[in-house]
Amino acid sequence: MSAIRVAIETCPLAPARALGDDGASGARVVFSGQVRDEQGKVQALFLEHYPGMTEAAMENIARAAQQRWPVNLIEIIHRVGELAVGDEIVRVTVCAAHRQAAFEACAFLMDVLKSEVPLWKKVLSGGVWHWVEARDDDARAAARWRAP
Amino acid sequence: MSAIRVAIETCPLAPARALGDDGASGARVVFSGQVRDEQGKVQALFLEHYPGMTEAAMENIARAAQQRWPVNLIEIIHRVGELAVGDEIVRVTVCAAHRQAAFEACAFLMDVLKSEVPLWKKVLSGGVWHWVEARDDDARAAARWRAP
Amino acid sequence: MSAAPAATVEVRFFAALRERAGVDRLTVTPPAPALVSVAALCDWLAGQTPQLGRALGDTPRRMVAINEVLATMDSALRDGDVVALFPPVTGG
Amino acid sequence: MSAAPAATVEVRFFAALRERAGVDRLTVTPPAPALVSVAALCDWLAGQTPQLGRALGDTPRRMVAINEVLATMDSALRDGDVVALFPPVTGG
(Lines give C-alpha, C1' and ligand atoms only; values in the text may rest on other atoms or scores of the structure.)
Protein backbone atom coordinates (compact mmCIF):
# COMPACT_ATOMS: atom_id res chain seq x y z
CA MET A 1 0.00 0.00 0.00
CA SER A 2 1.56 3.20 -1.19
CA ALA A 3 0.84 6.49 0.61
CA ILE A 4 1.05 10.09 -0.52
CA ARG A 5 1.30 13.10 1.77
CA VAL A 6 1.56 16.66 0.54
CA ALA A 7 1.59 19.87 2.54
CA ILE A 8 2.09 23.58 2.20
CA GLU A 9 3.71 25.12 5.27
CA THR A 10 4.03 28.74 6.27
CA CYS A 11 6.40 28.05 9.18
CA PRO A 12 9.93 26.57 9.22
CA LEU A 13 9.79 22.85 8.51
CA ALA A 14 10.21 20.57 11.50
CA PRO A 15 13.27 18.31 11.33
CA ALA A 16 12.61 15.12 9.38
CA ARG A 17 11.02 12.48 11.58
CA ALA A 18 12.90 9.34 12.48
CA LEU A 19 12.41 6.54 9.99
CA GLY A 20 9.09 4.80 10.33
CA ASP A 21 9.47 1.09 10.94
CA ASP A 22 7.06 -0.16 8.31
CA GLY A 23 9.64 -2.87 7.63
CA ALA A 24 8.94 -2.91 3.90
CA SER A 25 11.07 0.09 2.93
CA GLY A 26 14.74 -0.67 2.76
CA ALA A 27 15.50 2.68 1.16
CA ARG A 28 14.59 6.25 1.91
CA VAL A 29 15.75 9.23 -0.14
CA VAL A 30 15.13 12.73 1.14
CA PHE A 31 15.72 15.84 -0.91
CA SER A 32 15.88 19.15 0.93
CA GLY A 33 16.09 22.43 -0.90
CA GLN A 34 17.18 25.39 1.14
CA VAL A 35 17.66 29.11 0.64
CA ARG A 36 21.19 29.85 -0.58
CA ASP A 37 22.80 33.13 0.36
CA GLU A 38 24.60 33.51 -3.00
CA GLN A 39 27.72 34.87 -1.29
CA GLY A 40 25.72 37.16 0.94
CA LYS A 41 23.74 38.70 -1.92
CA VAL A 42 20.45 37.14 -0.80
CA GLN A 43 18.78 38.42 2.35
CA ALA A 44 15.42 36.63 2.12
CA LEU A 45 13.13 34.69 -0.15
CA PHE A 46 9.39 34.88 -0.68
CA LEU A 47 7.38 32.00 -2.09
CA GLU A 48 4.00 32.68 -3.71
CA HIS A 49 1.63 29.82 -4.46
CA TYR A 50 -1.84 29.18 -5.87
CA PRO A 51 -3.81 27.88 -2.90
CA GLY A 52 -5.65 24.73 -3.83
CA MET A 53 -3.98 24.20 -7.17
CA THR A 54 -0.50 23.98 -5.65
CA GLU A 55 -1.53 21.13 -3.37
CA ALA A 56 -3.43 19.40 -6.18
CA ALA A 57 -0.42 19.69 -8.48
CA MET A 58 1.85 18.21 -5.78
CA GLU A 59 -0.55 15.30 -5.42
CA ASN A 60 -0.61 14.82 -9.18
CA ILE A 61 3.13 14.55 -9.49
CA ALA A 62 3.24 12.19 -6.49
CA ARG A 63 0.65 9.96 -8.17
CA ALA A 64 2.66 10.03 -11.39
CA ALA A 65 5.77 8.91 -9.48
CA GLN A 66 3.77 6.23 -7.70
CA GLN A 67 2.61 4.79 -11.02
CA ARG A 68 6.09 4.82 -12.44
CA TRP A 69 8.16 3.40 -9.58
CA PRO A 70 7.51 0.81 -6.87
CA VAL A 71 7.45 3.15 -3.87
CA ASN A 72 5.81 2.85 -0.47
CA LEU A 73 5.61 6.47 0.60
CA ILE A 74 5.91 9.88 -1.01
CA GLU A 75 5.85 13.04 1.07
CA ILE A 76 6.18 16.52 -0.40
CA ILE A 77 6.30 19.53 1.91
CA HIS A 78 6.77 23.01 0.49
CA ARG A 79 7.23 26.26 2.37
CA VAL A 80 5.46 29.42 1.20
CA GLY A 81 5.63 33.01 2.42
CA GLU A 82 8.84 34.63 3.59
CA LEU A 83 11.91 32.48 4.22
CA ALA A 84 15.35 33.28 5.64
CA VAL A 85 18.73 32.16 4.31
CA GLY A 86 19.28 28.51 5.28
CA ASP A 87 15.54 27.76 5.64
CA GLU A 88 14.23 24.67 3.95
CA ILE A 89 12.09 25.51 0.94
CA VAL A 90 11.01 22.02 0.07
CA ARG A 91 11.44 18.51 1.38
CA VAL A 92 10.63 15.47 -0.71
CA THR A 93 10.79 12.04 0.91
CA VAL A 94 10.47 8.77 -0.96
CA CYS A 95 10.47 5.37 0.73
CA ALA A 96 10.79 2.21 -1.33
CA ALA A 97 11.96 -1.37 -1.01
CA HIS A 98 15.04 -0.62 -3.13
CA ARG A 99 17.23 2.42 -3.54
CA GLN A 100 17.08 2.82 -7.33
CA ALA A 101 13.32 3.47 -7.26
CA ALA A 102 13.67 5.84 -4.31
CA PHE A 103 16.46 7.86 -5.97
CA GLU A 104 14.73 8.07 -9.34
CA ALA A 105 11.29 8.91 -7.97
CA CYS A 106 12.76 11.63 -5.74
CA ALA A 107 14.77 13.20 -8.59
CA PHE A 108 11.70 12.99 -10.84
CA LEU A 109 9.52 14.69 -8.24
CA MET A 110 11.94 17.58 -7.85
CA ASP A 111 12.31 18.03 -11.59
CA VAL A 112 8.57 18.06 -12.29
CA LEU A 113 7.83 20.11 -9.18
CA LYS A 114 10.15 22.78 -10.53
CA SER A 115 8.41 22.87 -13.87
CA GLU A 116 4.75 22.09 -13.15
CA VAL A 117 3.75 23.09 -9.63
CA PRO A 118 2.50 26.69 -9.24
CA LEU A 119 5.08 28.24 -6.96
CA TRP A 120 7.08 31.38 -7.60
CA LYS A 121 10.20 32.68 -5.87
CA LYS A 122 11.00 36.27 -5.16
CA VAL A 123 14.40 37.24 -3.79
CA LEU A 124 15.35 40.10 -1.51
CA SER A 125 18.76 41.25 -2.63
CA GLY A 126 20.36 44.61 -1.92
CA GLY A 127 17.12 45.69 -0.28
CA VAL A 128 15.10 45.10 -3.47
CA TRP A 129 12.67 42.26 -4.16
CA HIS A 130 12.83 40.70 -7.59
CA TRP A 131 11.23 37.63 -9.13
CA VAL A 132 13.40 34.64 -9.92
CA GLU A 133 13.44 33.73 -13.60
CA ALA A 134 12.72 30.14 -14.56
CA ARG A 135 15.89 28.30 -15.57
CA ASP A 136 16.22 26.49 -18.87
CA ASP A 137 18.16 23.83 -16.95
CA ASP A 138 15.06 23.04 -14.94
CA ALA A 139 12.92 22.75 -18.06
CA ARG A 140 15.47 20.36 -19.54
CA ALA A 141 15.61 18.36 -16.30
CA ALA A 142 11.84 17.90 -16.40
CA ALA A 143 11.86 17.04 -20.10
CA ARG A 144 14.16 14.06 -19.58
CA TRP A 145 11.35 12.20 -17.77
CA ARG A 146 8.92 12.49 -20.64
CA ALA A 147 8.42 9.51 -22.91
CA PRO A 148 10.78 9.72 -25.93
CA MET B 1 35.63 24.16 0.75
CA SER B 2 34.27 20.65 0.59
CA ALA B 3 34.13 18.49 3.72
CA ILE B 4 34.04 14.74 4.20
CA ARG B 5 32.83 12.95 7.32
CA VAL B 6 32.73 9.19 7.68
CA ALA B 7 31.82 7.13 10.71
CA ILE B 8 31.19 3.57 11.81
CA GLU B 9 28.56 3.35 14.54
CA THR B 10 27.68 0.46 16.79
CA CYS B 11 24.54 2.13 18.20
CA PRO B 12 21.32 3.22 16.47
CA LEU B 13 21.95 6.31 14.38
CA ALA B 14 20.75 9.60 15.84
CA PRO B 15 18.08 11.34 13.74
CA ALA B 16 19.57 13.47 10.97
CA ARG B 17 20.56 16.87 12.27
CA ALA B 18 18.73 19.97 11.13
CA LEU B 19 20.18 21.49 7.97
CA GLY B 20 23.34 23.42 8.59
CA ASP B 21 23.03 27.02 7.46
CA ASP B 22 26.24 27.24 5.49
CA GLY B 23 24.23 29.23 2.96
CA ALA B 24 26.09 27.76 -0.02
CA SER B 25 24.20 24.49 -0.28
CA GLY B 26 20.84 24.82 -1.95
CA ALA B 27 20.39 21.08 -2.15
CA ARG B 28 20.75 18.22 0.27
CA VAL B 29 20.12 14.60 -0.60
CA VAL B 30 20.03 12.01 2.16
CA PHE B 31 19.91 8.29 1.53
CA SER B 32 18.92 6.05 4.42
CA GLY B 33 19.06 2.30 4.16
CA GLN B 34 17.17 0.38 6.79
CA VAL B 35 16.61 -3.23 7.76
CA ARG B 36 13.62 -4.67 5.90
CA ASP B 37 11.55 -7.38 7.55
CA GLU B 38 10.92 -9.27 4.28
CA GLN B 39 7.33 -10.02 5.28
CA GLY B 40 8.32 -11.01 8.78
CA LYS B 41 11.01 -13.44 7.63
CA VAL B 42 13.85 -11.31 9.00
CA GLN B 43 14.32 -11.01 12.75
CA ALA B 44 17.70 -9.25 12.88
CA LEU B 45 20.75 -8.28 10.89
CA PHE B 46 24.43 -8.40 11.73
CA LEU B 47 27.00 -6.23 9.98
CA GLU B 48 30.66 -7.28 9.96
CA HIS B 49 33.34 -4.84 8.90
CA TYR B 50 37.13 -4.58 8.55
CA PRO B 51 38.11 -2.01 11.18
CA GLY B 52 40.38 0.59 9.66
CA MET B 53 39.92 -0.43 6.05
CA THR B 54 36.15 0.13 6.14
CA GLU B 55 36.58 3.74 7.22
CA ALA B 56 39.43 4.28 4.73
CA ALA B 57 37.30 2.83 1.92
CA MET B 58 34.39 5.14 2.86
CA GLU B 59 36.77 8.10 2.74
CA ASN B 60 38.07 6.96 -0.64
CA ILE B 61 34.64 6.80 -2.23
CA ALA B 62 33.75 10.16 -0.70
CA ARG B 63 36.89 11.69 -2.22
CA ALA B 64 36.04 10.13 -5.57
CA ALA B 65 32.57 11.71 -5.42
CA GLN B 66 34.08 15.04 -4.38
CA GLN B 67 36.36 15.02 -7.42
CA ARG B 68 33.53 14.14 -9.76
CA TRP B 69 30.76 16.48 -8.58
CA PRO B 70 30.70 20.01 -7.13
CA VAL B 71 29.60 19.15 -3.62
CA ASN B 72 30.06 20.97 -0.31
CA LEU B 73 29.64 18.14 2.18
CA ILE B 74 29.63 14.37 2.12
CA GLU B 75 28.77 12.38 5.22
CA ILE B 76 28.69 8.59 5.33
CA ILE B 77 27.62 6.81 8.51
CA HIS B 78 27.38 3.03 8.61
CA ARG B 79 26.11 0.83 11.42
CA VAL B 80 27.93 -2.38 12.31
CA GLY B 81 27.10 -5.11 14.81
CA GLU B 82 23.59 -6.35 15.44
CA LEU B 83 20.63 -4.37 14.07
CA ALA B 84 16.87 -4.74 14.50
CA VAL B 85 14.20 -4.53 11.80
CA GLY B 86 13.63 -0.88 10.92
CA ASP B 87 17.07 0.24 12.13
CA GLU B 88 19.10 2.44 9.83
CA ILE B 89 22.03 0.55 8.31
CA VAL B 90 23.58 3.43 6.46
CA ARG B 91 23.00 7.14 5.98
CA VAL B 92 24.69 9.08 3.18
CA THR B 93 24.24 12.85 3.09
CA VAL B 94 25.40 15.06 0.23
CA CYS B 95 25.09 18.85 0.25
CA ALA B 96 25.69 20.82 -2.93
CA ALA B 97 24.74 24.09 -4.52
CA HIS B 98 22.46 22.32 -7.01
CA ARG B 99 20.32 19.23 -6.81
CA GLN B 100 21.67 17.29 -9.79
CA ALA B 101 25.14 17.01 -8.25
CA ALA B 102 23.67 16.06 -4.87
CA PHE B 103 21.44 13.34 -6.34
CA GLU B 104 24.14 11.87 -8.55
CA ALA B 105 26.88 11.94 -5.93
CA CYS B 106 24.57 10.30 -3.37
CA ALA B 107 23.49 7.54 -5.79
CA PHE B 108 27.12 7.01 -6.80
CA LEU B 109 28.21 6.72 -3.17
CA MET B 110 25.59 4.10 -2.42
CA ASP B 111 26.43 2.10 -5.53
CA VAL B 112 30.17 2.05 -4.90
CA LEU B 113 29.72 1.55 -1.15
CA LYS B 114 27.78 -1.61 -1.92
CA SER B 115 30.50 -2.96 -4.16
CA GLU B 116 33.78 -1.66 -2.70
CA VAL B 117 33.49 -1.04 1.03
CA PRO B 118 34.30 -4.05 3.24
CA LEU B 119 31.02 -4.69 5.02
CA TRP B 120 29.10 -7.95 5.13
CA LYS B 121 25.51 -8.63 6.15
CA LYS B 122 24.25 -11.67 7.98
CA VAL B 123 20.54 -12.21 8.45
CA LEU B 124 18.68 -13.93 11.28
CA SER B 125 15.74 -15.67 9.70
CA GLY B 126 13.77 -18.56 11.19
CA GLY B 127 16.22 -18.62 14.09
CA VAL B 128 19.18 -19.24 11.77
CA TRP B 129 21.91 -16.79 10.78
CA HIS B 130 23.01 -16.82 7.16
CA TRP B 131 25.24 -14.57 5.11
CA VAL B 132 23.66 -12.34 2.50
CA GLU B 133 24.86 -13.06 -1.04
CA ALA B 134 26.11 -10.14 -3.11
CA ARG B 135 23.56 -9.15 -5.76
CA ASP B 136 24.47 -8.91 -9.44
CA ASP B 137 22.22 -5.83 -9.52
CA ASP B 138 24.55 -4.05 -7.15
CA ALA B 139 27.60 -4.94 -9.24
CA ARG B 140 25.85 -3.58 -12.33
CA ALA B 141 24.83 -0.43 -10.45
CA ALA B 142 28.44 0.22 -9.50
CA ALA B 143 29.68 -0.54 -13.00
CA ARG B 144 27.58 2.21 -14.54
CA TRP B 145 29.77 4.87 -12.88
CA ARG B 146 32.98 3.55 -14.42
CA ALA B 147 34.39 5.34 -17.41
CA PRO B 148 33.11 3.72 -20.64
CA MET C 1 -28.82 35.08 -36.06
CA SER C 2 -28.82 35.62 -32.34
CA ALA C 3 -25.62 36.50 -30.49
CA ALA C 4 -23.81 33.69 -28.67
CA PRO C 5 -24.91 33.60 -25.03
CA ALA C 6 -22.55 35.57 -22.80
CA ALA C 7 -19.79 33.50 -21.23
CA THR C 8 -18.10 34.61 -18.06
CA VAL C 9 -14.62 33.55 -17.07
CA GLU C 10 -12.60 34.40 -14.03
CA VAL C 11 -9.03 35.37 -14.81
CA ARG C 12 -6.38 35.07 -12.12
CA PHE C 13 -2.83 36.38 -12.24
CA PHE C 14 0.12 35.25 -10.16
CA ALA C 15 3.61 36.39 -9.25
CA ALA C 16 5.29 38.94 -11.56
CA LEU C 17 2.27 38.98 -13.88
CA ARG C 18 -0.04 39.74 -10.95
CA GLU C 19 2.18 42.61 -9.85
CA ARG C 20 2.47 44.00 -13.37
CA ALA C 21 -1.28 43.71 -13.94
CA GLY C 22 -1.93 45.43 -10.61
CA VAL C 23 -4.81 43.05 -9.98
CA ASP C 24 -5.01 39.42 -8.88
CA ARG C 25 -8.35 38.50 -10.38
CA LEU C 26 -10.81 39.76 -12.95
CA THR C 27 -14.23 38.49 -13.89
CA VAL C 28 -14.73 39.11 -17.59
CA THR C 29 -17.33 38.39 -20.23
CA PRO C 30 -15.35 38.37 -23.45
CA PRO C 31 -16.84 37.96 -26.93
CA ALA C 32 -17.03 34.39 -28.21
CA PRO C 33 -13.89 34.58 -30.42
CA ALA C 34 -11.82 35.32 -27.30
CA LEU C 35 -12.86 31.94 -25.92
CA VAL C 36 -11.53 29.74 -28.70
CA SER C 37 -8.17 29.59 -26.96
CA VAL C 38 -6.21 30.95 -24.03
CA ALA C 39 -4.04 32.79 -26.54
CA ALA C 40 -7.14 34.53 -27.94
CA LEU C 41 -8.27 35.44 -24.45
CA CYS C 42 -4.85 36.93 -23.70
CA ASP C 43 -5.00 39.03 -26.88
CA TRP C 44 -8.42 40.28 -25.91
CA LEU C 45 -7.32 40.99 -22.33
CA ALA C 46 -4.28 42.92 -23.57
CA GLY C 47 -6.61 45.31 -25.34
CA GLN C 48 -8.77 46.02 -22.32
CA THR C 49 -6.50 48.40 -20.40
CA PRO C 50 -3.03 49.80 -21.10
CA GLN C 51 -1.70 48.29 -17.86
CA LEU C 52 -3.00 44.84 -18.74
CA GLY C 53 -1.52 45.20 -22.22
CA ARG C 54 1.86 46.14 -20.79
CA ALA C 55 1.71 43.43 -18.09
CA LEU C 56 1.05 40.70 -20.66
CA GLY C 57 3.57 42.18 -23.09
CA ASP C 58 6.20 42.25 -20.36
CA THR C 59 5.50 38.59 -19.47
CA PRO C 60 5.90 36.88 -22.84
CA ARG C 61 6.64 33.46 -21.33
CA ARG C 62 3.41 32.42 -19.67
CA MET C 63 1.87 29.28 -18.27
CA VAL C 64 -1.85 28.72 -17.87
CA ALA C 65 -4.11 26.64 -15.68
CA ILE C 66 -7.80 26.16 -16.35
CA ASN C 67 -9.80 25.21 -13.27
CA GLU C 68 -6.55 24.53 -11.41
CA VAL C 69 -5.19 22.12 -14.01
CA LEU C 70 -2.26 23.02 -16.28
CA ALA C 71 -3.43 23.76 -19.82
CA THR C 72 -1.91 25.19 -22.97
CA MET C 73 -2.31 28.39 -24.94
CA ASP C 74 -4.41 26.36 -27.41
CA SER C 75 -6.93 25.23 -24.81
CA ALA C 76 -10.51 26.44 -25.41
CA LEU C 77 -12.52 28.10 -22.67
CA ARG C 78 -16.05 27.62 -21.45
CA ASP C 79 -18.47 29.62 -19.39
CA GLY C 80 -17.49 29.52 -15.75
CA ASP C 81 -13.86 28.57 -16.27
CA VAL C 82 -11.22 29.91 -13.94
CA VAL C 83 -8.21 30.80 -16.07
CA ALA C 84 -4.95 31.38 -14.20
CA LEU C 85 -2.09 33.07 -16.05
CA PHE C 86 1.41 33.15 -14.62
CA PRO C 87 5.11 33.24 -15.45
CA PRO C 88 6.99 29.92 -15.60
CA VAL C 89 6.99 28.41 -12.12
CA THR C 90 10.11 28.61 -9.95
CA GLY C 91 9.37 26.54 -6.84
CA GLY C 92 11.44 23.82 -5.26
CA MET D 1 71.95 -20.62 -6.05
CA SER D 2 70.64 -19.48 -2.68
CA ALA D 3 66.95 -19.73 -1.79
CA ALA D 4 64.88 -16.55 -1.98
CA PRO D 5 64.77 -14.86 1.43
CA ALA D 6 61.69 -15.90 3.43
CA ALA D 7 58.73 -13.56 3.04
CA THR D 8 56.04 -13.40 5.68
CA VAL D 9 52.50 -12.26 4.96
CA GLU D 10 49.55 -11.91 7.25
CA VAL D 11 46.36 -13.39 5.83
CA ARG D 12 43.01 -12.20 7.14
CA PHE D 13 39.61 -13.70 6.46
CA PHE D 14 36.23 -12.00 6.82
CA ALA D 15 32.57 -12.92 6.93
CA ALA D 16 31.53 -16.30 5.48
CA LEU D 17 35.11 -17.09 4.52
CA ARG D 18 36.31 -16.40 8.06
CA GLU D 19 33.64 -18.70 9.47
CA ARG D 20 34.42 -21.44 6.97
CA ALA D 21 38.16 -21.15 7.59
CA GLY D 22 37.58 -21.28 11.32
CA VAL D 23 40.27 -18.64 11.78
CA ASP D 24 40.38 -14.90 11.28
CA ARG D 25 44.08 -14.42 10.67
CA LEU D 26 47.15 -16.46 9.84
CA THR D 27 50.78 -15.46 9.60
CA VAL D 28 52.39 -17.51 6.86
CA THR D 29 55.76 -17.79 5.15
CA PRO D 30 54.91 -19.25 1.75
CA PRO D 31 57.47 -20.21 -0.90
CA ALA D 32 58.28 -17.49 -3.41
CA PRO D 33 56.03 -18.84 -6.22
CA ALA D 34 53.00 -18.35 -3.94
CA LEU D 35 53.78 -14.64 -3.81
CA VAL D 36 53.59 -13.91 -7.53
CA SER D 37 49.86 -13.29 -7.19
CA VAL D 38 46.97 -13.44 -4.75
CA ALA D 39 45.61 -16.32 -6.82
CA ALA D 40 48.85 -18.26 -6.30
CA LEU D 41 48.75 -17.54 -2.57
CA CYS D 42 45.16 -18.82 -2.42
CA ASP D 43 46.18 -22.04 -4.19
CA TRP D 44 49.02 -22.50 -1.76
CA LEU D 45 46.77 -21.75 1.25
CA ALA D 46 44.17 -24.22 0.00
CA GLY D 47 46.76 -26.98 0.24
CA GLN D 48 47.78 -26.19 3.80
CA THR D 49 44.86 -27.73 5.70
CA PRO D 50 41.71 -29.54 4.58
CA GLN D 51 39.50 -26.92 6.27
CA LEU D 52 41.26 -24.06 4.50
CA GLY D 53 40.96 -25.95 1.21
CA ARG D 54 37.23 -26.45 1.74
CA ALA D 55 36.71 -22.86 2.95
CA LEU D 56 38.35 -21.40 -0.15
CA GLY D 57 36.65 -23.93 -2.42
CA ASP D 58 33.26 -23.05 -0.92
CA THR D 59 33.91 -19.32 -1.46
CA PRO D 60 34.74 -19.20 -5.16
CA ARG D 61 33.80 -15.53 -5.52
CA ARG D 62 36.39 -13.67 -3.51
CA MET D 63 37.62 -10.13 -3.12
CA VAL D 64 41.04 -9.18 -1.83
CA ALA D 65 42.62 -6.21 -0.12
CA ILE D 66 46.35 -5.78 0.29
CA ASN D 67 47.32 -3.52 3.16
CA GLU D 68 43.70 -2.33 3.41
CA VAL D 69 43.42 -1.33 -0.24
CA LEU D 70 41.33 -3.32 -2.71
CA ALA D 71 43.50 -5.37 -5.06
CA THR D 72 42.98 -8.10 -7.62
CA MET D 73 43.77 -11.80 -7.83
CA ASP D 74 46.69 -10.84 -10.11
CA SER D 75 48.32 -8.54 -7.57
CA ALA D 76 51.78 -9.62 -6.42
CA LEU D 77 52.70 -9.84 -2.75
CA ARG D 78 55.67 -8.64 -0.79
CA ASP D 79 57.16 -9.42 2.58
CA GLY D 80 55.07 -7.89 5.34
CA ASP D 81 51.87 -7.49 3.32
CA VAL D 82 48.52 -7.92 5.01
CA VAL D 83 46.31 -9.84 2.60
CA ALA D 84 42.59 -9.82 3.39
CA LEU D 85 40.37 -12.33 1.61
CA PHE D 86 36.59 -12.07 1.75
CA PRO D 87 33.36 -12.77 -0.12
CA PRO D 88 31.88 -9.95 -2.23
CA VAL D 89 30.87 -7.13 0.09
CA THR D 90 27.20 -6.63 1.00
CA GLY D 91 27.02 -3.42 3.02
CA GLY D 92 24.75 -0.44 2.55
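For clarity, chains are labelled A, B, C and D in written order, and residue numbers in each chain start from 1.
The working rule: a contact is a pair of C-beta atoms (placed from the backbone, for glycine too) under 8 Å apart; a residue touches a chain by one contact, two chains touch by 3 or more.
Every value quoted in this text rests on a predicted model; they were computed, and no experiment measured them.
Engineer: When every step has to jump to a touching chain, what is the lowest number of steps that links subunit B to subunit D?
Structural biologist: Graph distance in the chain contact network comes out at 1.
Engineer: Averaging over Cα atoms per chain, report the distance between subunit A and subunit C in Å.
Structural biologist: Going by mean C-alpha positions, subunit A sits 27 Å from subunit C.
Engineer: Could you give the separation in Å between the centres of subunit A and subunit D, each centre being the mean of its C-alpha atoms?
Structural biologist: Going by mean C-alpha positions, subunit A sits 49 Å from subunit D.
Engineer: Let me have the rounded angstrom distance from the C-alpha centre of subunit A over to the C-alpha centre of subunit B, please.
Structural biologist: Centres of subunit A and subunit B (C-alpha means) sit 23 Å apart.
Engineer: Show the residues in subunit D shared as contacts by 2 or more other chains, in ascending order.
Structural biologist: none
Engineer: So which stretches of subunit A touch two or more other chains?
Structural biologist: 33, 110
Engineer: Go ahead and list every pair of chains that touch.
Structural biologist: A-B, A-C, B-D
Engineer: For subunit A, which residues are in contact with subunit B within the complex?
Structural biologist: Checking each residue of subunit A against subunit B gives 15-37, 40, 85-86, 88, 97, 99-100, 102-103, 106-107, 110, 141.
Engineer: Show me the residue ranges of subunit D that touch subunit B in the complex, using the header's touch definition.
Structural biologist: So the residues of subunit D touching subunit B come out as 12, 14-16, 61, 63, 65, 68-70, 84, 86-92.
Engineer: Which residues of subunit A touch subunit C once you look at their complex with the stated criterion?
Structural biologist: 33, 47-50, 52-53, 56-57, 78, 89-90, 110, 113-122, 131-135, 138-139
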